[in-house]
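Here come two complexes built around subunit A, the first alongside subunit B, the second alongside subunit C.
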Partner chain A sequence: MMNKNKKKDDLSGRIIRTIGYVFISFLALSCLLPFVIMVSASFENEKILVREGYHLFPKEFTMYAYEVILGGNNEIIGSYIVTILLTVIGTGLGLFITAMTGYVLQRPDFLRRNKVSLFLFFTTLFSGGLVPFYLLMTRYLHLKNNYLAILIPSLISAWNIIMMKNFIRNAIPHSVSEAANIDGASPFVTFLKVIIPMSKPALATIGLFIGLGYWNEWYNSMLFLDSSVQFRPLQLLLYNLINRAEYLKNSMAGKNILTQDLPLETVKLATAVLATGPIILAYPMVQKYFISGITVGAVKG
Partner chain B sequence: MKSKGESIAVKKKGFNAWKTSLRKDRAFLIMCIPTILYFLILAYLPMPGIYVAFTNFNYDKGIFGSAFVGLDNLKFITMSGKLGVLLRNTVFYNLAFLITSHLIQITIAVLLNEIRNKKFQKLSQSLLILPNFISYVLVGLFSFAIFNSTNGILNSILMGFGQAGTQVYSNPEVWPFILVIVNLWKGAGYGSIVYFAALTGMDHEVLEAAQVDGASTIQRIRYITLPSLKPTLIILVLLSIGGILRGNFDLFYNMVGSSNVLLHNSTDVLETYVFRAMTNNFQFSTAAAVSFVQSIFGFVLVMTTNAIVKKVEPDYALF
Partner chain C sequence: MKKKLISMFLVFAMLCISLMGCAKSNDSETPTNDAASEGTATDTTTADADNYTGPSGNTPVVNGQVDTSEFVTVKMLVLGDPPAGGADKRMLEELNKILKERVNAELEMQWIEWNNYATKYQMELVSGSDIDLIFTTSTWLNLWENAEKGAFMDLTEMLPHYAKQLYADTTKEEWDGCTYKGKIVALPEHRKWQLSTPLFAYRADWAKEFGIEKIDSTDALEQYCKAILANKPEAIPYNVGGSASSNELYAMWFRQDTDYVLGAGSIGMAAPVANKSIEEPWTSVSPVFDDKFIDFAVKMKEWGDAGFWPQDVMSATVDTEAAFLSGTSGIYSMNVANYYPLFKKLEDENADAELGAFFFDEKRGFAISDVMTQDACSVTANAKNPERALMIYDLFQYDPEIYHLTQYGIEGEQYIVNEAGFRERPTDYVEEEDAYLWDMWSTRNDALEIPEFNEFQAQIDEVNAKIKPWTVLNPWGSFIVDSANWNAQVTAINEAGTTWLPAIQFGKAGDPVEAVNQYRDALKNAGIDEYMAEVERQMKEYTGN
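And then the complex of A and B:
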């Protein structure tokens, strides 16, 4: 009976499935191709890239761009270290505070939970805008050209706390906290010893959100770091390379390369590969958390 | 006398209750201190700073030391026509992003749901969210590789077909399309997973009943699948309406660049203008005036939307 019915709807079903395969394959390819071309072009001979454009595979394979970046001064190594430190510290600290607040806000025996939630939620509705924020950071907190100006603004977000709150409420019944309470554990100890081990999937997902934000952070770096900072985060380094040819020439100075011989285009691409590489390498491991995170963390204040 | 004593007693009782509840909450409140301090300093402390919009700001004199000029800055941005263009662009792009992205996300989710091949589902989802993982700086590099007029991929293809190349970076008319497509590329995978998840939770009995009744695939999608996505769609759209005056700075700034004045009429949004006014020209007051309009209108918009939704369909209200 079922089989017969299945056959019956097969015409429109088959058409839709075919359209689906074609359409989604096309989209998936369009998401993948730019990365393939970027990697390939970074190994291309500069002259061929400029004259003939991009190819799926390099016509004349060379690692010259990478040699230029990695040889001589250690700017990119410094950028890596800065970015890794910011990502690790920011994710660790941000995740801890986010989880702690999220846990407290979902406890029904916390009488002021709604007041605190409103206090956080309001910041997503209204803000003073860029100018007061910039003045606070530079003129009043004196964080211009300080890495703290990049670490602090991305540390905690109200959305992540709301998401964490929903995660914990759905995954861990309140009776768990109650039991710990009867055993004499304070809320903080309960959070450390009981809740953290039980919310690993949520921590992985939100940690990934925060970590990705730090790795890709560029806005605050551009806003608060100027050229006097020697080692800038990777995305700012990449941004400067892309948008300021004279910056590239400056940064290549002292590498014993004549300005006209600088492989400008391939150096941009090779830097992009180096700045994005760790994400792409970690991608297969983390993307399942990412997908599960999107699925569970329905946002509602 | 008696009533006064009573009211004092009531006050005292209220105070004691407050003290008791505070004692109960103490451990929780202490755990909230880092977050409360964080938002107090970084979100609430700058709020009064919007006052810059009403001053002739002087960096050395500070926010409250600068001369008060009343509505002069607001008048300036309105009279010069700048504000109108910025509001138009910001709202236009956000609406275009909103409509196109939900359309394509729902289409992907529904099609993927019909294709019951688990391997294909997983692989395509993995590829589709790849753009979500990269920075907008890289997105800017990609689009330059595609659209630049010397060795860009688009022109290579056009010339391969014997067509003349185009100058994308000096043609403001094509940018709305480019920005919409790039926005889709960056976010379609993420959004489609949200919808796909909603479909996986669909009631299987209803689907089987429809099959027994001989509903075709098209009918099943039309009458069962799509309606089941309605709550998700409504929530997501409501969430975005509040942000309709907030431009995606990273997208616009990296795609267009700060100095390409040729394109600004069709690509400048509130965020990019505020940023340029402040960092390139040090016009703190003008920038703050634009931000002020954005914040106030944005806030009124969210509150109004929410109030209306609360009346019509309370379940969908955000708060």
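And then the complex of A and C:
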């Protein structure tokens, strides 16, 4: 009897698992396929692409699109450097500040912690809006055409602080801090030597969020960096390249512009490949922390 | 209890902070207005024919002489992506040498790139920018809305003193087109003739082959398309892919079969709201509710069924230009500006082909010109040097040396003038390095142009000679419909239009009579009647009767 039951379980379990795997594989494929097509089309001959559409593998392999982008001017390389610098500095600085804030806000001996938290989290619900933000940045802080205008606003996000705070509260008992204190560590040393090493999963997760944020940042760059800045973040450069055609097509502004100046399809795709490339490498590095980190944020938060 | 109080206080405090944020932004707008009213105040007190101080005071007119002893930097903002090779900067260096000599000033140029230009442009204005010369337009950059907010300086008093040539060369009617509530707030684009008139390009050699002398009516077009179906198996009469913005057949219909004109109050590409006629531009009507619209729908169904365009027109994507050039499409819909370069393109692709144009407006014999402020230039209310800015602008448009420098770039680098007097590219011209743009479009002046050599100049002149007499001044001038409270209706009407019109004009909406009725219902539900009544009310208010 027992045996039979177990067998039945096995069978239904196997069916469910099979369906699950098939479903997940399908999902994974449907995510992967567009990317593969994008990569393949970026190596495709322009004429074939326009005439016959996309293929899984390029019919006529050519590096032309990449030559167009990379050859001639060093704008895209400068943009890469700017974006990488912004991402590295922003992520490092952002993580440090987020972790410190999160740690302090969860310490039970910080008396006003809930009020300060409220003060921070209030900003997730209400904000001044675009115009006051623009005025603050340009008229009062004078950050127009300054890379700091990109760096500063994304350093702290209330959402990341909530995640950090909850992680530390749940994963690191306060007694750990107390023990460090008894052993003679100052609060800052406790934070650096004890708390930071213990919160690696959360740091990896939040670091990835912040890093992605900086990597993909274009809106603030669009607002604050105009054409007099020689090297602007990568995403803005690409956004300009790809969307110029759309803007002009859909607006009266196009009247004065010749359409032959607009970029080729393959060039657009090649730029997209160049934009996604490096950041994809960040995923495997933080993968092992990422899964535990995400559950921390999701379930216990 | 205490906790609750504290948190309530905190919430209150934060509300105050966020409100302060708003107050701040209002503050920053106030000086804008102040500056504007100050400006006018000084104007009126010191204005007389020979002596004038001007809003900034740094360029007074004394005994009829403009005093430019103080060196100033004029800021100018245009829209567009600056040329990658930096040719604009090299031009600016040259220009500044001349400006220093002529008006003791230099020019500083800023560009707003195309991506999200509307947001960036508006931000520049609300942040109380002190740009002197700023590009603007009433068709895609809200000139009148911004004028209403006091973003631009009143130029009425200054113009005769500082922009003498422009002032003398502009008629009262032309200034009226730039005037908002009695103040001239923009400098018009009025010395560049251009007419926007839609047409179908067709193959004149084919038409002759079919025994059609020329296509100048819907019937001739039908005959031509039928002949293509019968004689040109490789071609589709009109090889096209439909989209939400397809309206060419509708545009053809109402220009050929009705008196309606498009202007103030028109909505979207489908344009279900029009104006009664060129004689009665202040009456809002809908061509869709005309009985002739049903005939149109029936006709289009007939054409669609006959195979004048692909059966899957509504879902297909077709490069009609490529198809037309390679001889797989018999007609190609466009505006006249795109027709000029077509001579060369067709010659390159197929030397035996001959080009013809079916102008929809030919039958009625008129086409409404763009508004004066299609491309325009304003001076912002916070400008530091409005007087010198106007002087420079005057030179841009009327001084041959500066005109050629600004429009074409540096002679020898961007262009040379050959022996025949045509402008052409120098032999060592490299696109990446030497490409040059001048995006203050409103300064264009036909009188000072050096034409580029064009082997098809004769054909282009012929087209222009034909359409130039059609030009009629835009009857609506600076009137615009204020639809701030009608956004819901406008969106819904546009939605109904883009849903129904492309399908009806390609005969793909099922039974045509039924489809027209459904389209009319959709428009009625969207509030077209109320909207048209509102448009007329505003028109009455504007015209004052």
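As a convention for this text, the second predicted complex is superposed on the first by the 241 of 301 C-alpha atoms of A that agree within 3 Å, B and C clash if a C-alpha of one lies under 4 Å from a C-alpha of the other, contacts with A are read in each partner's own complex, and residues count from 1 in each chain.
FYI, a contact is a pair of C-beta atoms (placed from the backbone, for glycine too) under 8 Å apart; a residue touches a chain by one contact, two chains touch by 3 or more.
Bear in mind that the values here come from a model prediction, so they are computed numbers and not experimental data.
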Residue contacts with subunit A in the superposition, subunit B compared against subunit C: B
First (subunit B), second (subunit C), both or neither touched by A:M198: neither
Subunit B versus subunit C as contact partner of A:L27, first or second or both or neither: first
Partner chain(s) touched by A:V36 [first = subunit B, second = subunit C, both, neither]: neither
Which superposed partner A:S227 touches (first subunit B, second subunit C, both, neither): second
Which superposed partner A:P132 touches (first subunit B, second subunit C, both, neither): both
Touching partner for A:Y239 - first (subunit B), second (subunit C), both, neither: both
First (subunit B), second (subunit C), both or neither touched by A:F119: both
Partner chain in contact with A:I97 - subunit B first, subunit C second, else both or neither: first
Which superposed partner A:P153 touches (first subunit B, second subunit C, both, neither): first
Those residues of subunit A which subunit B touches in one complex and subunit C touches in the other: 50, 119, 126-132, 134-135, 139, 223, 239, 243
Of all residues in subunit A, those that touch subunit C in their complex: 50, 72-73, 75, 115, 118-119, 122, 126-132, 134-135, 138-139, 222-223, 226-228, 236, 239-240, 243-244, 247-248, 251-253, 255-257
Subunit A contact footprint on subunit C (complex, rising order): 6-7, 10-11, 14, 18, 21-22, 24-25, 28, 79-82, 84, 110-117, 119-120, 123, 126-128, 137, 139-140, 319, 337, 375, 432, 439, 441
Residue ranges of subunit A in contact with subunit B within the complex: 1-2, 5-6, 8-9, 11-13, 16-17, 19-21, 23-25, 27-32, 34-35, 37-38, 41, 49-54, 97, 100-101, 103-105, 107, 109-113, 116, 119-121, 123, 125-136, 139, 152-153, 155-156, 158, 161, 186-188, 191, 212, 215-219, 223, 235, 238-239, 242-243, 265, 268-269, 272, 275-276, 279-280, 283-284, 287, 290-291, 294-295, 298-301
Subunit B to subunit A touching residues, read off their complex: 21, 24-25, 27-32, 34-36, 38-39, 41-50, 52-53, 59, 62-63, 107-108, 111-112, 114-115, 120, 123-131, 133-138, 140-142, 144-145, 150-153, 155-156, 185, 188-190, 193-194, 197, 211-212, 214-218, 220-221, 235, 239, 242, 249-250, 254, 257, 271, 274-275, 278-279, 284, 287-288, 291-292, 294-295, 298-299, 302-303, 318-319
